[in-house]
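Letters A, B, C, D, E and F name the chains as they come in the text, with residue numbers starting at 1 for each one.
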Amino acid sequence: MRNDNREVDSLREINMTVDFIKHPEGSVLIRVGDTKVICNASIEDKVPPFMRGQGKGWITAEYSMLPRATDRRNIRESSKGKVSGRTMEIQRLIGRALRSVVDLDKIGERTVWVDCDVIQADGGTRTASITGAFVAVVLAFGKMIDAKTMNKMPVTDFLAATSVGVLENGDEILDLNYQEDSQAQVDMNIVMTGSMEFVEIQGTGEEATFSYDQLQNMLKLATKGLQEIIEKQKNVLGELANRVGETKTVRSSGGK
Amino acid sequence: MRNDNREVDSLREINMTVDFIKHPEGSVLIRVGDTKVICNASIEDKVPPFMRGQGKGWITAEYSMLPRATDRRNIRESSKGKVSGRTMEIQRLIGRALRSVVDLDKIGERTVWVDCDVIQADGGTRTASITGAFVAVVLAFGKMIDAKTMNKMPVTDFLAATSVGVLENGDEILDLNYQEDSQAQVDMNIVMTGSMEFVEIQGTGEEATFSYDQLQNMLKLATKGLQEIIEKQKNVLGELANRVGETKTVRSSGGK
Amino acid sequence: MRNDNREVDSLREINMTVDFIKHPEGSVLIRVGDTKVICNASIEDKVPPFMRGQGKGWITAEYSMLPRATDRRNIRESSKGKVSGRTMEIQRLIGRALRSVVDLDKIGERTVWVDCDVIQADGGTRTASITGAFVAVVLAFGKMIDAKTMNKMPVTDFLAATSVGVLENGDEILDLNYQEDSQAQVDMNIVMTGSMEFVEIQGTGEEATFSYDQLQNMLKLATKGLQEIIEKQKNVLGELANRVGETKTVRSSGGK
Amino acid sequence: MRNDNREVDSLREINMTVDFIKHPEGSVLIRVGDTKVICNASIEDKVPPFMRGQGKGWITAEYSMLPRATDRRNIRESSKGKVSGRTMEIQRLIGRALRSVVDLDKIGERTVWVDCDVIQADGGTRTASITGAFVAVVLAFGKMIDAKTMNKMPVTDFLAATSVGVLENGDEILDLNYQEDSQAQVDMNIVMTGSMEFVEIQGTGEEATFSYDQLQNMLKLATKGLQEIIEKQKNVLGELANRVGETKTVRSSGGK
Amino acid sequence: MRNDNREVDSLREINMTVDFIKHPEGSVLIRVGDTKVICNASIEDKVPPFMRGQGKGWITAEYSMLPRATDRRNIRESSKGKVSGRTMEIQRLIGRALRSVVDLDKIGERTVWVDCDVIQADGGTRTASITGAFVAVVLAFGKMIDAKTMNKMPVTDFLAATSVGVLENGDEILDLNYQEDSQAQVDMNIVMTGSMEFVEIQGTGEEATFSYDQLQNMLKLATKGLQEIIEKQKNVLGELANRVGETKTVRSSGGK
Amino acid sequence: MRNDNREVDSLREINMTVDFIKHPEGSVLIRVGDTKVICNASIEDKVPPFMRGQGKGWITAEYSMLPRATDRRNIRESSKGKVSGRTMEIQRLIGRALRSVVDLDKIGERTVWVDCDVIQADGGTRTASITGAFVAVVLAFGKMIDAKTMNKMPVTDFLAATSVGVLENGDEILDLNYQEDSQAQVDMNIVMTGSMEFVEIQGTGEEATFSYDQLQNMLKLATKGLQEIIEKQKNVLGELANRVGETKTVRSSGGK
């Protein structure tokens, strides 16, 4: 049994409030257990300089935590004058993941800015950010379709993320909370699409290692969890969920 | 009649949710119309270097906006690598205002960090921050009193803030929303205590000026509004409200 | 009696040397008691990006202190790599104040850079900066009129600033020197025009508060002091003083 | 056939020059095809503040590229005044990987600084850095053992890294060069120990996804390649290679 | 004849006002032609960390220009957030030069901060800074001797600086003004002591070169000029001038 | 006898490997004793903004040290977020020196970026950088001539640099190694052309001074050493050496 009485393969309660903030084109408050992240998607009608004139768009993400999202107050990155390595790693991950399921050629010369602001943290903030950001992005495109400034949903598939890990006792577990995360020997973040293809696997043994078998067990747990999470995304999106994939372009690397 | 049908001397709806975030000692989500600010108060058991060994405490504030709190997305200050002049001005104001009603000698060598994070902006974010931060600070001290790490509430009086201004038509109005604020010729932020003494007056004519009579009318509106706001703070704080002032030290500058 | 034998409503000796530095279009060394500030106004033939193409100009101010302007040497802001909150607050104040009496539509797409460099400080550096900067700006425009690159003085009214405050004994006083400033319970900076309209009121009780009556007394002292200061500006400007107001546009917020 | 005539499961030529720079305790120039990295390990007799007094050590890594290591000159990060997200991600990865095979309790309160400076880049700079840095660290500890300032080699196992990926045609390949890397749909960096346990898996589909089967194929390629690379490390280290593992502590997360 | 009618070997008019600013221990306004620099020397009763516990002192210099010291306004270095290469070069030069004539062992664990702020520039600002800073430092030590916090003047010799150069027509000239400086092919700054020993020679051909003979001619001009400048320093210092050298320690590098 | 058994007028062994790195247009690894510097020259087909439209080119240099180039590890400047004064001084020197022998009018609107990265330091890194950078620049232009994108070698003369100094015993010596440099009383860097004209003289007495005679002796040593170094450059450049000077423009400042 885990410290919050979950089974090794149980997710924490997940909950998404759409249109949480009024200004952004897409806005979601996602709660995964005690982790709460505001995910806002903003559409800007231009692309960064290195992409101009190519007729395609871009998606970029920023991630931040309120200083007191955590048990001890953290110094604000704006006060320190620079963004930490951890923050950069996370925002690069979120952007990359979202780009894998959006057909950038279909969104025109626009930038989608995704802001993930953690207001309360209890483990899994980066994976909750991806899961919530996906919904915010679909909402934003949905609003453009409603406004007739876009024809079809340029999102090719669902996208969600969760964590798996190995505890000190050797148990592989799904969806680590903060206490589990700080004790785990291995921590792995997995991002998958609705067709259960991998987008990103980041597994790390901090002062520890893991075997091939452990890897397989963790992948199994992640797949189970992500199916459930994507189900939740579909519920939250309602009608809009049906538009995901309508412009599906074949970009899976597979084939052979 | 104003753009949201209020009278010139009407406040917007105000609403405070206490214990909004679980980690901070004091946490409040304040809503003033469509302006929403998370105010968190954290107690740290040390003071900044310049105050060590004096047996007294310190209160400092930080203020920030989510990039999409506003209609157009703003660049994150952590990305720019520096805090803007506007942000600094606001956080200095919040800290100064709070210090005026807290007896720093009574809190020991502790720092109270107040974080005001605007998640949605519609004018008056700095005054909403002060009003909400005051409640968060009282909650934080209340928690210390419950935990017996403090004897008496070191807060000497209530504290709240609002804005007043002059519209282009010459009307003096109370509690400006964003649209009013951007059209106003004069904008004045006023911070007062529960005994209706002034803590801070910041009146500014941006490319305009104002007369002695206009100033008097604005002061009158502010006084009326702040009495109502402090009433709300008392309701929200419940029992704790009665402890405010229990260590009242005479520090009014008056006397003659 | 005050620490330098002045009456509560007496200004310190004020003195302005025009054309102090040879390169700037307008240059003034202002001395208010032992406070000395070099105020230089530079005209640049372009405006910042956010104003291009609107046919109007801009005024911006920068403020700095020599490291040893004060009793103890301060670290240079260029060495620290960032400008302090206090400096930003002051330079925003100076710029805003000047813009309130200059008709930006009349100066074309030009930027007026105002540099206020405090070479010796004894209290009231920000108000001395405003008073001196106003003269420097008029001189700069005067030079343009002489050079026929401008037709009329775009300055609509005189502008000056001073401080008032409340001492620990409850006395309201005019034009605080450094020693008074560091002991005062309330410190208020007031900027007014030649027609005795307010441009800016910034009153602050640092760990103290002030009453309605005290506010009224301070306003009275400021009004008296500013009339005298504007008289000095007129003397220093000589002939040019008569051109101030020649393009007066009605922008007072008043009316009702 | 690949662009440089390798088989899909062939490594590029690997080559390590020990004692390349004279000052560092451990120094290696590693060449993997046309990628050349100077890996220096420096021992400092203190640990960062957050670790003091715990009697254990720390390993940290920094990574950089000469501006003209690449085909087009890059702006120096010292000129930009900040380290890019990519650099931070890489140096965090290198440090984490090395810490997984060093028993930090056995090195005393010392910090091992590992500097990986890419002087010529042709793909795989981060994995070459890990492979070379491992050798530099063993050399540095070896020097301490020779100098009798350390008793036993605190390195518990070998450590090496390589990349695998999926080309546009669906081929899974080992050890991508720059041209392959820029065309690949999936890019995965894998770090393993001498006992073929995983330390880190970072697989990324940039605007693409990959299946479970593709993942398995890539893992197989990586395992094969890493066995060969570790053989090279053993040759280069000679006698010292036998000391790796002499203090082996059981920290594999496995067990069940 | 030169553009200001001087002979090739004539200095511009030099003028030093002592005690120009009231707070610093030593303060001089030096004017060399139209170049005006405020040189302030501050004594701090501690040394930088790397010198603690050695019983000797340190001298360091900072150099800055008002934005409008020059014909076109320069961006403030505090706004840019960093000090330029030119500024760093100059402040390192000033500090090094002063240290060559001060016996750091005789000043105890104190730091002398020398601030050279150029308020008006017309060429030769760095050499004027050295000449003025020397006088400010002697004044500061003089004040300490008067206050009995120091026994003897720790300054071993006089110190002054000037520039020489080669014009396009091949003329070698002394003490270049701004116009000459911007046209010169060779620019050389020379710092010498009262005993006519060299402290620093910095000769530069910007897109040009110079011969051995030209070098000799320039050295001759500099020597002549520096003798005259040191005469002025002696006049300005009056009585104090006699104390310079009273602790003369032999540190000339010569001997053979 | 010197600490490495050289005569006072002997250079250390010098060695240049051309085409050391494959990407840059010109690349040299220079070794001067134990000092090793990678000098890369990159040609970019544009000039900095301040030079656009003038039809001429620019040469700029950057200098850096690997953290462990020295006996003790230095903090990376990219980590510190700023470039030190020493680094700026050196890169300004290198750029200036190279510009003195390149006819910028002949290279079109191109920028030559010269990167000098010290991988191992033992004194004289800045002079080795200049000597090596010169060769890299000639190689880069040579490649352009081969590719017919340039007609004639725009380099007007050879260029090399070395150091001279005065030891504590009064000996003047040539080409100081690190140990000598840290003990020397006077340190002088001299840059000369193939026609033995001076480009730069930077002589510094750190807490010491030097006489006219010592200066003459040092100049003599430098001249001897630089003749030998330029001989080496000619050998290394082979055929290309003959093209140096083919567009020689008379820019020596001499003549009278």
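In the analysis below, a contact is a pair of C-beta atoms (placed from the backbone, for glycine too) under 8 Å apart; a residue touches a chain by one contact, two chains touch by 3 or more.
Just so we're clear, the structure is a prediction, and the values are computed from it rather than from any experiment.
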Any chance you could check whether E-F or D-F wins on number of contacting C-beta pairs?
E-F
Interface repeat test, B-C vs A-B, E-F or D-F, passes over-half contact pair overlap for E-F
Measure off the straight-line distance from the CA centroid of chain B to the CA centroid of chain F, and report it in whole Å.
60
In whole angstrom, the CA-centroid distance of chain A from chain D equals 28
Whole-angstrom distance, CA centroid of chain C to CA centroid of chain E, is 35
When the centre of a chain is set as the mean of its C-alpha atoms, what distance in Å lies between chain B and chain D?
52
Where in chain E do residues touch two or more of the other chains?
81-83
Ring order of chains, beginning at chain D and proceeding to chain F
D, F, E, C, B, A
Residue set of chain A touching chain B in the complex reads 21-24, 27, 34, 38, 40, 42, 44, 62, 64, 66-71, 73, 76-83, 87, 113, 115, 117, 119-120
Across the complex, what residues on chain A touch chain D?
82-86, 88-89, 91-92, 96, 99-100, 104, 157, 166, 168-171, 185-186, 188, 193, 195-215, 219, 251-256
